[in-house]
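Note that chain A is present in both complexes that follow, paired respectively with chain B and with chain C.
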Partner chain A sequence: MRDKILMVLGVTAMALLARNILVIAGFPNEANQGAIFKIIFFHVPVAMAAMLCAAASLIGSVMFLLTRNFKYDALAVSVTEVGLAFLAANLVTGSIWGRVIWGIWWTWDARLTSALVCWLLYAGYLMLRRAIEEPTQRATFGAVFSIFAFIDVPIVIFSIKWWRTQHPQPVFWGGGSIPGDWYLAALLNLLAMILFGIVLTSVRLRQEEAQRELDSLRRTAHAF
Partner chain B sequence: MSPDQIVREAQRLQHNYEFLSYGLTAAWLILVGYVLMMVSRHHKLQREIASLRAMIEDRPAR
Partner chain C sequence: MAEFFRQVAVVTVKDLRAELRTKEAVNASLAFALVILLMFSFAFDPMEDTTREISGGLLWIVFAFAGAMVLNRSFAREQPNDCLDALIAAPIPGAALFLGKAFANFCLVMAVELVSLPVFGIFYTVHWTSQFPQLLMVLLLGGWALTVVGTIFSALTVNIRLREVMLPMLTYPILVPALMGAMQLTAGLVNGKPISGDNLSWLKMLIGFDVIFTAVSLVLVETVLVG
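Entry: the complex of A and B
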């Protein structure tokens, strides 16, 4: 049953993305930026999906510290890994967009820097987990680190409001004058990314279960 | 519009499309790469579990 649900979600995500690629290709080029502006339909949804993953990781980490139930730890690590992939896609698309519009691949403005720091923090979280052998200690240290890392998430989101940045103000859901069908395309891409993220997280959760089984088998093997 | 301006505009459009394709390709490569990494990790875990199970089942028989 779980497999079928995941399959349906995955196929829906892919169908939505394929439909959106066709729809977005049919949109006219933006007057000032030209075709490169269309990268926004990917750049923004992956960023939002990454931030949602960070929020889910925070919830998983807090719940682990409260309940000591390892399923929450598994959720936190799974969703963090998926979020890291989304954030990497966001940073790369942003950099390529910046190269065309600003003439530079990177600038140390508040939004870009805080997003990079966010990526490094969550990558650090995954590295920290690899460095600790004992499962309870690994989950506890990981949960505390993940909560600490989440401090950067509101800074990433609100940096363009709090500081004057080279990164523009929000175009979608921020007072920009975007046509209705462009909003819909962005919203559907966000939905597709969320569905894709749910599928990836579920698959990753199973790997965590398999990893726990492997750890238990290793203990049994050593006990002989 | 002068012919020079038309050429420049065409070049700008071409440049834009080129970078749009780079951006989308790079982003998809990251996501597809992550999926492939996950598939390879899944196979590795299954292999290790199967070999440990076989080892544990064999031991008491000795």
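Entry: the complex of A and C
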């Protein structure tokens, strides 16, 4: 059953993505920037999907500390990995856009720096988990660090904003004039990313469960 | 409440006494700070005016690097003879143990900061004395941010592989806002400008960072220590 739902979700995400790519390719080029502007239809949705992942990871971590149920720990680690991939996609698409428009791959602007710090924080979370052998300790320490990271993110974004900002102001939800069907394309792309994220997380979740089962079997085998 | 602070004081005094008898963390940290100060002189021309502009940043990089050495030892010191288990089993709350260790680390980090500051001033002709009271306040606030995050992560990483690498890996990204604030404020102060205008908001941010992370650490420390 779970497999079938995952298949349906995955196929829907793929179909939606294919449809969006076709529609977006059909849009006229933006007057000043040309075709490269269209990267925003991916750049913004993956960033938002990454933020949702961070929120889900916080929920998983807090729930683990409250209930000590390893399901929540598996959720936290799976969703963090997926979120990290989304954030990496966000950084890479942004970098490509920057190369074309600004002529440089990277600049130490507020949003870029914050995104990079967030990426490093959550990469640190995964590294910390890898370094701890004992499952309960790994889950507990991971959850604690995840909470620290999540609290840090708004402060990082806030403080780095006080440094000079070079990143363009928000296009979609910042009062810019964007045609309605462009909005729709961006929203549908966000939906596709979220579905895609759910599928990836579920696959990773199953891996975690299998790993735990294996570990417990191994322990049982050693006991004899 | 008085009992709680007495317990904190006992842990602080114990840690400081252990450190002062061996001096392993402080000596290593100070020597490391000096080495970094030396390395900086090759990275750029120490007599340039720009050096003074970026001096706040350089100083805090030294503090962050040298501080990590002190913080690494904080919980690692308790590992031989299972002292950590004994400490956790002691009839004191985890928060008291954490605060006690944090205060001891804070004293050591401040000692390293206060020794490297004049050395930095001499080597790079930086006039750090002109706004000293305000500079001391920034050192205290930034030092506490470094200490509180470092101490809780020191507890987090004490049992794991690659402890020495993991602590800075985890601590520095979390510390980014606090370090930025401290760098910004220090750069102004060593150039003789008192804190005003924009820098006031950096000061508020630094204080806010200290308060938030002290509170979160106190809430979570029991979980980290006991599991």
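Keep in mind that, in the parts below, the second predicted complex is superposed on the first by the 211 of 224 C-alpha atoms of A that agree within 3 Å, B and C clash if a C-alpha of one lies under 4 Å from a C-alpha of the other, contacts with A are read in each partner's own complex, and residues count from 1 in each chain.
Everything below uses one rule, namely that a contact is a pair of C-beta atoms (placed from the backbone, for glycine too) under 8 Å apart; a residue touches a chain by one contact, two chains touch by 3 or more.
Quantities reported herein were computed from a predicted structural model and do not represent experimental measurements.
*Asks:* Figure out whether A:Ala50 sits in contact with chain B (first) or chain C (second), or with both, or with neither.
*Replies:* neither
*Asks:* Contact-wise, after the overlay, does A:Arg99 reach chain B, chain C, both or neither (first, second, both, neither)?
*Replies:* first
*Asks:* Let me test your reading of the model: by the given contact rule, A:Ala115 touches which partner, first (chain B), second (chain C), both or neither?
*Replies:* In the superposition, A:Ala115 contacts neither chain B nor chain C.
*Asks:* Just checking: does A:Leu190 make contact with chain B only, chain C only, both, or neither of them? Give me first, second, both or neither.
*Replies:* neither
*Asks:* After superposition on the shared chain, which partner residues are touched by A:Lys38: those of chain B (first), chain C (second), both, or neither?
*Replies:* first
*Asks:* Comparing chain B against chain C, which has contacts with more of the residues in chain A?
*Replies:* After superposing on chain A, more of chain A is contacted by B.
*Asks:* For A:Leu75, decide between first (touching chain B), second (touching chain C), both and neither.
*Replies:* neither
*Asks:* Which parts of chain A are touched by chain B and by chain C alike?
*Replies:* none
*Asks:* Considering the complex alone, what residue numbers of chain C touch chain A?
*Replies:* Residues in contact with chain A: 149, 152-153, 156-157, 159-162, 166, 169-170, 173-174, 176-177, 180-181, 198, 201-202, 205, 208-209, 212-213, 216, 220, 223-224, 227.
*Asks:* Along chain A, where are the residues that touch chain C in the complex?
*Replies:* The contact residues of chain A facing chain C are 65, 117, 120-121, 124, 127-128, 131-133, 136-137, 140-141, 144-145, 147-149, 151-152, 155-156, 158-160, 162-163.
*Asks:* For chain B, which residues are in contact with chain A within the complex?
*Replies:* Going through chain B, the ones touching chain A are 12-13, 15-17, 19-20, 22-24, 26-28, 30-31, 34-35, 38, 41-42, 45-46, 48-49, 52-53, 55-56, 59.
*Asks:* Touching residues of chain A toward chain B in the complex: what are they?
*Replies:* Its residues touching chain B are 29, 33-36, 38-39, 42-43, 46, 81-82, 85-86, 88-89, 92-93, 96-97, 99-100, 196, 200, 203-204, 206-207, 210-211, 213-214, 217-218, 220-221, 224.
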